[in-house]
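You will see chain A twice below: alongside chain B first, and alongside chain C after that.
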Partner chain A sequence: MSDQAYNFAYLDEQTKRMIRRAILKGIAIPGYQVPFASREMPMPYGWGTGGVQVSAACLVPEDTMKVIDQGADDTTNAVSIRKFFENTAGVATTEKTREATVIQTRHRIPEEALTEDQILVYQVPIPEPLRFLEPRETETRKMHALEEYGLMHVKLYEDIAQHGNIATAYAYPVRVEGRYVMDPSPIPKFDNPKLEMAAIQLFGAGREQRIYAIPPYSKVVSLDFEDYPFEASKANHPCDLCGAEHTYLDEVIIDDEGGRMFVCSDTDYCGERQANGHRGRLSPEMEAAQ
Partner chain B sequence: MTPLLSVQNVAKYYGSRVGCEEVSFDLYPGEVMGIVGESGSGKSTLLNCLAGHLAPDAGKVLFDTRANGMQDTVTMSEPERRMLGRTDWAFVHQNARDGLRMSVSAGGNVGERLMAVGARHYGDIREQAVDWLGRVEIAADRIDDRPRQFSGGMQQRLQIARNLVTGPRLVFMDEPTGGLDVSVQARLLDLLRGLVREMGLSAIIVTHDLAVVRLLADRLMVMKSGQVVETGLTDQVLDDPQHAYTQLLVSSVLQV
Partner chain C sequence: MTHDTLTGGFTEAPQQSARAFRALMNALARPGSIEKITGASGPAPLSVAAATTLLTLCDGETPIHLAGDHDTDAIRQWIAFHIGAPIASRSEAMFALGTWQALTPITDFPIGTPEYPDRSATLIVEMDALSNIGATLRGPGIQTSAQLSLPETTAFQQNRLLFPMGVDCYFTSGTRIAALPRAIKVEAN
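Take a look at the complex of A and B:
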């Protein structure tokens, strides 16, 4: 295909202006869901059409892009979106969190702390945190407008009544700057404390046509009860490849006899630790030594 | 004594049709008012106008708020009206399914209003939910069941508990006993009468069942074609009806 087939980063300039306006509004009103005219993208809904549009509107030719899916750089979703921007924008791409200027993510925040020079773009399936309790959009908008957030606690109440603790483990609702209650996209609640960071965080929901944002250093509080405080939970285990005890872990089934291993879900972070000589229980060097 | 609710010339029109018009009355603290009339006489329209669910086309609905005294609920801002709706007011729907969250447990249903006004302590919320389920005669071990596992009468009692948990001062009831069989009705009425007296509630009850108002209401308002045709003390209106329509209504009741 010829180089002229696409405008820079696929979207036309008018569309990017429209999306940038929505982003600016989102940053001006932290946590508020700004409606925008989401475009058809050359990928199915649920594959990150919202995140891709936000990334496209943010990218400049000098940017270096990183795409992660569940923390990994090498899964289908991450690879295809990275390739998409390599083809349509010609920007440099990387797997190193530190080197990236724009990071598009699905379901994780990188382990390494982000800086003020970076933008973190989330893919969001359902932006409305109140949706499963109140199906009417007219009503949820009114509830946001009037700060009627009692219903969010009804959900947490139901969790405790049924499971004995707050069992919501991902997409854990937060309150931004003491005003809007927001769905942080399906990141594990382990990542919730990291939402207070130096980088700009943008959230794009393509099918639902909403963009929202958390400006740098905003106050983000996870909702809870006084007698059941919020807890950032993770598997109680060190990483089997790099030995890290402070990272979010994936559980991997490795045989049909109940064997399993826990590995960092952030592949870049884990790889770097291994390169620096950290070793876990099942890393190849340890196994060879046995 | 200042009235709790003062209704002045309220009217609501559906296009050229009259929903209700020229309705005025005062409701004093602790008083229970019944509104009776046939289907389509404008009782529910009136109730919805008073409770802020519908905007009346004319008239004033003054409510004695805790903070600022008499306020017109028609012209007050929506956040204030909705705040009243979950603190000082309660609304019991005819169909319990309209007033309950069917996918949320009984305890969650009762706790919702508490959480809506800022309760953030799970243990306290649960304790109050258990207390209120007991008051409406629902066993404490049903607290984590969903309303759809309850019988019709239990759903209605749950709806009442959910509404009264924040200690409202004014309760709107739209046919609270509709669709229940007579023995369940009798129990519910007994319960309602007890709660109203015990908590000193004011209530407005819309019904077409004269037995309900005879039991619960101090005063009665009879409506026909959107107009109030007769008002007075309940026993007086029912025993000595003056208006032709009221006479018809009273004589239409089947004797067993």
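Take a look at the complex of A and C:
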């Protein structure tokens, strides 16, 4: 079967129109989860089908696409989705954050600040921030309609009562433009301050059939208490490859004797720093010098 | 020149509708910005921008209301052939097309429900001209403030009070398009 057997960007035009209408409603009502008729994609639910459908509806032939999975360009999910759009949309792809016009991401925001010319598409597993507190959709929908978000504050309060601080470290709930409480997808809370950005942010949840959005420069506030303010935490360590002290880090076990290293989760950012001569504790040159 | 019902659609639908959607999304996500949108043309007085918007967003699932001078046989037939959307009354429309004068009062259009604010109408307002001189806009998508030549301000201020319900507006003129989503606060200058 030739590539021509697919429509541009895989989805048929009727489906794209339906998704595009949902995206526009999402942008018009920041943080509100718009229901959409999610399609079967040639990958299982849980592998980014929501993000893929949103990307497919947004892509133009002139786009350059970047796909990251937990910050990395070279993991299975990122590689396969990138290949998917190379094959079905014929768009150029890149690993450079700066060169991309559409970035699909699983669970990270790139370290480099995004611009007005970029679109960030998130893959979302559970779009409803209240779902683990209230399993009934009819009830959570009513809670959003009535702006009844006390339950979410109770959850954060119980965190403090049990752990002494707000223990929620990822998928940290935010309030968008003072109205809807939103799940920013399971990004680390380190990334929450970056949700106020110049780029358009679109969120797609395939299995749960929801699309939502944050327009550029929207006000996005992480929920907290006056005496327990929100803190964007990260591992207290510099990157062992590029020495960065301001990036989100992954912890990697490197031997069976408890040895470990911390590296930037954003591989493109770390690679560029290393190319510019930045070195960390475990960089090859540093080891040779010791 | 009479416009043929059968012409004026996309010649390369997937690519042209994708570019048109990107213009629609940028306009809506950055209220006040004026985007270029082309690809389709319909019978007069339908502008290229309005025709392309309809063709990009509408299909058999989206009832369209035609207001005033835009409710012509030629436009109805063009929509029937290219889009297949049912023509609807104001209260049942998902999209509405016309000049501002013909579309007012905009309170007749669906504004959604508290549970489903997305079940609201999108208005496509045909304008003689569009410029960045006029009412001041503030809100999501705008860094500090923006200006847009809105046909009036009171109706949009009242629409903002309904948030998160309310209607969203596109303004079209020739091949240019701008948008005013419901979340935006409007001040007259």
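One rule holds for everything that comes next: the second predicted complex is superposed on the first by the 290 of 290 C-alpha atoms of A that agree within 3 Å, B and C clash if a C-alpha of one lies under 4 Å from a C-alpha of the other, contacts with A are read in each partner's own complex, and residues count from 1 in each chain.
Following the convention adopted for this analysis, a contact is a pair of C-beta atoms (placed from the backbone, for glycine too) under 8 Å apart; a residue touches a chain by one contact, two chains touch by 3 or more.
Fair warning: this is a prediction, and the values are worked out from it, not measured in the lab.
In the superposition on chain A, A:Leu146 contacts both chain B and chain C. Of the two partner chains placed by superposition, only chain B is touched by A:Tyr157; chain C is not.
By the touch criterion stated above, A:Ile29 is placed in contact with chain C alone, chain B being left untouched. After overlaying the two complexes on the shared chain, residue contacts for A:Phe225 are found with chain B alone; chain C is out of touch.
When the two complexes are overlaid on their common chain A, residue A:Arg98 makes contact with neither chain B nor chain C. Looking at the shared chain after the overlay, A:Gln14 reaches chain C, while chain B stays out of its contact range. Between chain B and chain C, the partner in contact with more residues of chain A is C.
Of the two partner chains, neither chain B nor chain C is touched by A:Arg131. With both structures placed on the common chain, the touch criterion links A:His278 to neither chain B nor chain C. Note: residues 146 of chain A belong to the chain B contact set and to the chain C contact set alike, using the contact criterion stated above.
Looking at the complex, you find that chain A touches chain B at residues 133, 146, 148, 150-151, 153-154, 157-158, 160-162, 225-228.
By the touch rule above, chain A contacts chain C in their complex via residues 7-9, 13-14, 16-18, 20-30, 32, 34-35, 57-61, 116, 141-142, 144-146, 176-177, 179-180, 198, 200, 213-219.
If you check the complex, the residues on chain B that touch chain A are 78-79, 82, 86, 101, 103-105, 107-108, 111-113, 115-118, 120-123, 125-126, 143-144.
Interface residues of chain C facing chain A in the complex, by the touch rule stated above, are 13-15, 17-19, 21-22, 24-26, 28-30, 56-59, 61-62, 113-118, 120, 122, 139-143, 163-164, 168, 181-183.
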